[in-house]
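I've put the structures underneath this note.
Okay, so chain A shows up in both of these, paired with chain B first and chain C after.
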Partner chain A sequence: MAGPDAVMNLPGKPFSFADLGALAVPAAVLACIAASAQWSWIAAFPQDWTLPIAGAINAALGWIIPAILPVTAALSRALAAILTALVLVLQFIPWPATAIALMMVGLRAGGPRLLGLCVVAVAYVVLAGFWRQSMATVALVLLAVPMSVLGGFVLGLGAYLVPRLRRPVEALFDFMQTFPAFAYLIPLLLLFGFGPVAGLVATAVYAIPPMARCVLSGLTQVPRELVEVGEMAGCTPAQRLFWVELPAARPMVMVGINQTTMAALSMVITASIIGGFDDIGWAVLSGLRQADLGKSLLSGLVIVVISIVVDRLTASLFAEPRGNATRRRLPAMRKVLAGAAIVLAAGALLRLAPGFPQGLNQMAGIIDFGLLNRALLGFVGRYSGVLDAIKSGVLYYLVLPLRLGLAGAVLPTTWGFAMTPAITSAYALLATALAARQLAKGGPGKAAATLCVAMLLYVGMVAFPWPAAILVTAWAAWRVSGPKLALLATASLAFVLISGLWVPFVKSLYLVGVSVVLCAFIGGLLGLLAAHNNWFSAMLRPLNDALQTMPQFVFLIPALMFFKVGEFAGLIAISLYAVVPAIRYTEAGLRNVSPAILETARQLGCTPTQSNLFVQIPLARPALLLGLNQTVMAAITMLPIAATVGTSELGQQIYISLGKADAGMGITAGIVFCLTAINLDRMLRAAAGHLRSI
Partner chain B sequence: MASSSVSQRRVALACHDLWKLYGPDPRRAMNAVLSHGNDRERQRAALARSAHVAAVAGVSLEVHEAEIFVLMGLSGSGKSTLLRCLTRLIEPTSGRVLLDGEDLEKAGRKRMIELRRHAMGMVFQNFGLLPHLNVLDNVAFPLRVQGVDTEKRYARAREMTELVGLSGLEASFPNQLSGGQQQRVGIARSLAVGPQVWFLDEPFSALDPLIRRQMQDEFIRLQKMLRKTIVFVTHDVQEAFRLADRIAIMRDGAIVQMGTPAEIALSPANDYIAEFLRDIPTLRAIKAADVMQPLSDTGRPARTVPATELVEAILPMILDDASPIGVLDAAGTLAGQITTGRIAELARHGRA
Partner chain C sequence: MRDFRSICLTAGLGLAALGGWNANVQAAPLGEGAAPIKIAINEWTGQNVTAHVAGHLLEKLGYHVQYVTAGSFPQWIGMEDGSLDMTPELWTNNLGDIYPKLLAEKKVEPVGDLGLNARDGWAYTSATLAVCPGLPDWKALLKPECAAALATAETLPNGRLVDYPADWDTASAKEIEDFKVPFTAVPAGSEGALVAELQSALAAKQPLLLRFWAPHWLLAQTKELNWVDMPPCNPKDGGRCILPSPVIKVVRAGFGEKWPAAYALMKQYQLAADDQQKMMFEIDQNHKPIDDVVGQWLEANSAKWSGWVEDAKK
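Here is the complex of A and B:
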């Protein structure tokens, strides 16, 4: 380790005990690694130290569920009846009638562009032969969204009216949005029975937070002056709320409805994993399971198309009209809606007429799945060499080193050399030298971090001793935020340990780690290009939009298409899903660097590359870090989905427990998920805050 | 708007030793401050020790019926906070506010709503128009809150819209109006309930100078018709001197000087205020009555001016002809005279 004398020489930077403390961390880690060879309890958390948390949860549920089952069963029957009726109606109306109704609303709300989009969407759904299924999905969304909107509105309003509720409600939302859907599907299954209703309820619950958040933030952002206007007019509290605050918050509430609808749409697909309902999600899933990739791909595209139409439709329907238009628009909109309803009714009546082609809605698509499958397989076969090369490259040089460490992954067959003692010493020397340099520059924290990372890379994440992991995490949390976060992080890791989920947890972490590295690299590059090239940015934007409105399951399709079932396909799916925030934040961060500063840099004679490296990127660091945070969060939420194509981590644990209806295990793993997401989120945000304050 | 008559009128709004503290524990800090009686220095010291900020620091004032009372001061001097304490939009930490002799501190929630619905009107700096309502509905809003029926409410709102010169724009929405038009809507709305006391918080400061001037003229015209009791906040000295019957100049939450524009212009209390006055032609603030001297025995002056004539207008008269000018009061009787000597004295003090 570097001698402290180097630091002593620096003027004005006296060496403090805190710095010494920082260097004690890598020392302790080294000690742990050394000790783990001696004492097995350091290497692996002993089985008999774990607590039967899953069992306890199951026991608790065993009490609770029978108590509320009568209520939920009744609710379930009611919802099932409504859902069945809605599906029947939607599937009964001939598709041309539905299409015309949709186009009328589209034209009115968003002009010819939206009309065009509607035409393309309907054409695709009909031609691909998924009309029936998509009507089932639409029915689910139509039922779930009003429930979520109502629930979200009430929660958001409650949090606004009772400020003391705000923090717990915010925490609840964080929890709801990071808690894997699969994990809470299980208790819902127990409560609502197997079938679409459990999925419907899961969807409605999942889609509540965006609405609630928007309502709350819309209300808190109402200008103080407007509130005072209400007060001075002598409003009662209710008058103030309904006549001043809520109308002023209207645009945000509308954004909330749009986001809630999108969330519902994506969850409806995820929830279809329960099965028992012939909707689009099921088509995607069964396609995946039967290796019928053509069908899966086509039905996945149906979801994309529906998502985009619904997004644009709700966005333009609720867009804040300019001025005068409000008054003129509303009656006009009502007329159009009434007209659409008449068209639908007329369509249904027509169908009852004799001689109506009854099979209209069941029309098979004109696209031959078999042919598509063969074409896809042919394509994949032709490029299998390239694909294999990518796969083994990532596997040998990124995944394995992280999992097994350099010590385990560096083999003559792949890397061309082995970790001989000489190379190991060279590695250690290199790391120490780097740390010494950082120490000399006055960054003991950085030096300690470098040493820790070097050791982690050497032994790998799976073999990294758990006491060392706790120590490093707690120390890092303390440094970026403070004792509170350190305590939370320690408690979270302790929970993971005693729940016995340490190993799958670590595997999840490295999967997230690898995909974040991939995303940061590729997304960063794309973002960099987009920041400097308007044309490229304009090209990328609709692609990003499409990726963000796509339900998570759809990402599995290309991953499976190119790289068979297995961890690598999961990794690709995760990365595809998580790359968008990396692109977006990089571009936005770089573009937001003030032009005045860039001008100064040019004035000082920086070349474009220099200005990029030394000015723009450092200044954009907080934004880049926030982008990284979003990428990490996206990767975490994608894990359970990716588990369906065969990863072996926490997500898989949840997926298995879903299969076994083991609520306890699912919930325990879900809690671990939440804790991981919340801790990482807090730490990265705190780090971004640090960077901004510098 | 002769000041002498204003001060004899009934007091419509008053406050006594009003304080508003911000900080971790305003109540405790308040007790510490008040324990020093009336000693301003020690009060300030106690406040500094407690690490609280006094947005309003021991303000007492009286506003008379139909008077335009202007609160003036730099940004952060506590004008808005004082105004909001007077309306109880902000709860004062200590002190009393009397509206028509009624102690607002003792008014319950119901009574406060009642008072705001009928006795107070307020105009806001950023207009405060409700974005989802058109002009007519915005103006009618306070009436709707009171439960006035639609027909009556729209009739009254139309009347108010016409009063501020916005006829024809009733169906427009706030985002379709210019700043000046928006503030006219704000004014119409605040007048719709026919309030006794009218509060205006920098109503024209978001407008460009030309429009601001126009709005000030409009305001003067309205006040001539309506004769409201007015508390008007501004940081613009010229505006203050143009509009005010009396001005209170604030600094760090306290009133530094209070008086008619002429009183302030003729004898600023300290350098801080003198500095303020540098930007304004004070001759325009001083009227004949403010500077007239007793009549001398030498006889009736040949020329006379009314008591409300501005010194600015008298100046060329006296430069043309050095003989004294008589000053007539409202009843038309000779009340005093102005001599060259008096004007020269004003000029020597740097006020002319």
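Here is the complex of A and C:
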């Protein structure tokens, strides 16, 4: 569990009564471990104590769904009609017309660079043979984004106007962003029926929070003076809102629209699991099902390409116009948009003309999918020994010890020795000595954390008794934040226990833990290099962009081919996605350390390594911890997707429930996901806050 | 573009139907010929072949068909609410929970076996022979050397059997228990995972034991995968036995009344595994468009299907 690790970073405080209490924690944990051998209810939460939460949710849904079905069915029909029409129009216009219109807007908004990007993007989509499908995806996003923007705007504005709503709305956003989309596909299917509309709604819901967050933060950041000027000029509250505050918040609102669009694009694949829509998402999924990396990767790249174009295009369109350019820019933009519309209409008309090549939009791609697959298989065939060695290394020395504990994982065949009583006592002695040293230095919290971690490592996460887990987590939450967070953490764990999902939850946690350790190490190293080398940083940036916008499913295939079905492939897939924030925050944090301080360090005679280790990294700690936070969040997002390569944890529960259309089970597992993410987020943020206040 | 044209056609036919209602009486067995029959397209190529062959045959009868992509579980919601009219290839070993419920409520109707002589069982790569001599006889798996050679960190000391995804409700674990082979079943998570595992083992010439089925497009591509001769088992002992599962065709309730001729055709429709596998190979390996492949196959094999179409017209 990440809690104790975070605590260890806390500065030593004067010895107090509370600190003395801290030492009671490891004692209690030890007692639990000892007792678990005696009483089985301590070792494993008894089945009889769980409550049928999934059944209750299903019963509740059985009530709610028929009640609101008439409304959602009508809405579904309306949306389906609009979506079908939009897809029909977009797929009907010949691609050269769409391409020219896009280039006109691109040139106007971002000059020759953006024009070049548009040309490359269109060329790729056409050459890969995905024009038709990509237009379906674009239609879905075009329809989902206005819905999210409107919803997000209303929510953000509401939270601003009624400050009492702010906290619950923020909590709701946290929930919406961490709740695995897989888990709400089933209820959406029941409400909106089979077809793309359920996916559309899922996408729109997922993309609301970024908009709402940006609107809220934009409005709260409006300078006080500006608002006062408005008041002095005699504005009514409504006038002030519309003429002063909203215009001042415009840049943030625009960022929100941009972020919402990105979020919508990232949901496209998940939404297409339902089917009913021949779009890019379906192409990626069917490629995945055939283990056809070429097809998945090429179609996944289409989404990356669309995302990049949309990102740059919206960013340029909404960029703050400089000086008096505003007035000239808008009519010019309007002219370009009108011109683009004319091109599109002309293209459509031309298509109706006799002799027009009707198959233009369905041209098969000229890029060969098979080549990549053969290359991949060739690599696997050649280097399977090396790949297996890497896999066994990580499994034996990192994964198994965390899962089964040193007691279970240390075997003569792998580690060269067994955990004999002598070695066990040496281990215990070492841990106690370390703790004693920390105690002597005035860090009873650290000492207690060391002892807890040592015990956790010895018994392993799965066998760690649940009362001890609750105790340690609550104590850690109290230390970093306070009683409120401790209460939330305890309640969350209690929910996990009574829902009967404790074991999958612990397995998820340890999978997240291992991948975060891997990411922190590798990402930290890459970030460190990038912070010191501009060339390396420039090389890394497009790679990071691609890793983050590439549909997460695509990572699964190489992970599988290299490392076989099982936890390790899941681990690699999670790490590939979660390593990006680790790299980015490390680089940004290190680069933001003031040059003056580094110069001082140099003058004091620090070698570059010393200045790195003892000056730069400690100063960047808050940023590093936030990066860790983002890494943890990314790892949790990826868990349900990794379940498709054979991990046995919460994600698998959600996946199975999707297959069985058991909405209650999926939602229960989804809630556990959210609670895990929210608690870890709060703890890490609180820890980062402590560091910053030093 | 096909969609646009089919919409024009549908609209045209609709108008024709409104204008000359009597003219349509002649083609009575067709039923509501103007309404397109929506066929589910699932995630695997074999099913797509089955669906397109059915679609082409229905078009020969004079129907309009529409292919709708659908996840293999979400498709049942579509069959229930009318977004889909038929799913031509349902593997009965992997039914999930929704289909049996719909069947009990008489919302869907099975229209017979597809005739796909499916195979289901344990299989091994040729490289496995080196470590487990005696295969394909299942008794070769009893030897400890064999299990040790197939063991991984997760299954030690047992050997590893890569099993179907956990949500496919597989009987492998029970088989292992019944026949006391020293193996542990590790669920693959998804079909892609299973295929990727097999492909990488084939490429690296590594031993691998897994549960697999035929027809599968991979089998058209490799000769290196062999079937284990399974121990005899009592077919009455359903859940503990791996038997080839029937693959059936399912239509939505009311299909027969709406489109009588289509219903008659679907009842007769059969597709052999060999034929399906050959077409899959053309599509997946030679990257030919599915409509061309299916069209060519229908032309070359008219003896197989002309009878069904003639019967359906009566």
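Everything below uses one rule, namely that the second predicted complex is superposed on the first by the 664 of 694 C-alpha atoms of A that agree within 3 Å, B and C clash if a C-alpha of one lies under 4 Å from a C-alpha of the other, contacts with A are read in each partner's own complex, and residues count from 1 in each chain.
Note that contacts are C-beta pairs under 8 Å (C-beta built on N, C-alpha and C of every residue); 3 or more make two chains touch, one makes a residue touch a chain.
Given the structure is predicted, the values throughout are model-derived calculations rather than measurements.
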{"item": "Chain B versus chain C as contact partner of A:492, first or second or both or neither", "value": "neither"}
{"item": "Partner chain(s) touched by A:645 [first = chain B, second = chain C, both, neither]", "value": "second"}
{"item": "First, second, both or neither for A:679, with chain B first and chain C second", "value": "neither"}
{"item": "Chain B versus chain C as contact partner of A:235, first or second or both or neither", "value": "first"}
{"item": "First, second, both or neither for A:247, with chain B first and chain C second", "value": "first"}
{"item": "Chain B versus chain C as contact partner of A:616, first or second or both or neither", "value": "neither"}
{"item": "Which of chain B and chain C A:225 touches, first, second, both or neither", "value": "first"}
{"item": "Dominant toucher of chain A (residue count), chain B or chain C", "value": "C"}
{"item": "Contacts on chain A seen with chain B and repeated with chain C across the two complexes", "value": "none"}
{"item": "Touching residues (chain side chain A, partner chain C) in the complex", "value": "88, 91-92, 185, 189-190, 193-195, 273-278, 282, 285-286, 288-292, 358, 361-362, 364, 368-370, 377-378, 380-381, 384, 391-392, 395-396, 400, 556-557, 560-562, 564-567, 569, 643-648, 652, 655-656, 658-662"}
{"item": "Of chain C, residues touching chain A in the complex", "value": "1, 3-4, 7, 41, 43-45, 68-71, 73-78, 80-81, 83-84, 96-98, 152-154, 162, 165-167, 186-197, 199-200, 202-206, 217, 284-285, 287, 289"}
{"item": "Touching residues (chain side chain B, partner chain A) in the complex", "value": "84, 87, 89, 113-118, 120-122, 124-126, 128, 130-134, 141-142, 144-146, 171-173, 175-176, 190"}
{"item": "Of all residues in chain A, those that touch chain B in their complex", "value": "223, 225-226, 228-236, 239, 243-244, 247-248, 250, 322-324, 326-327"}
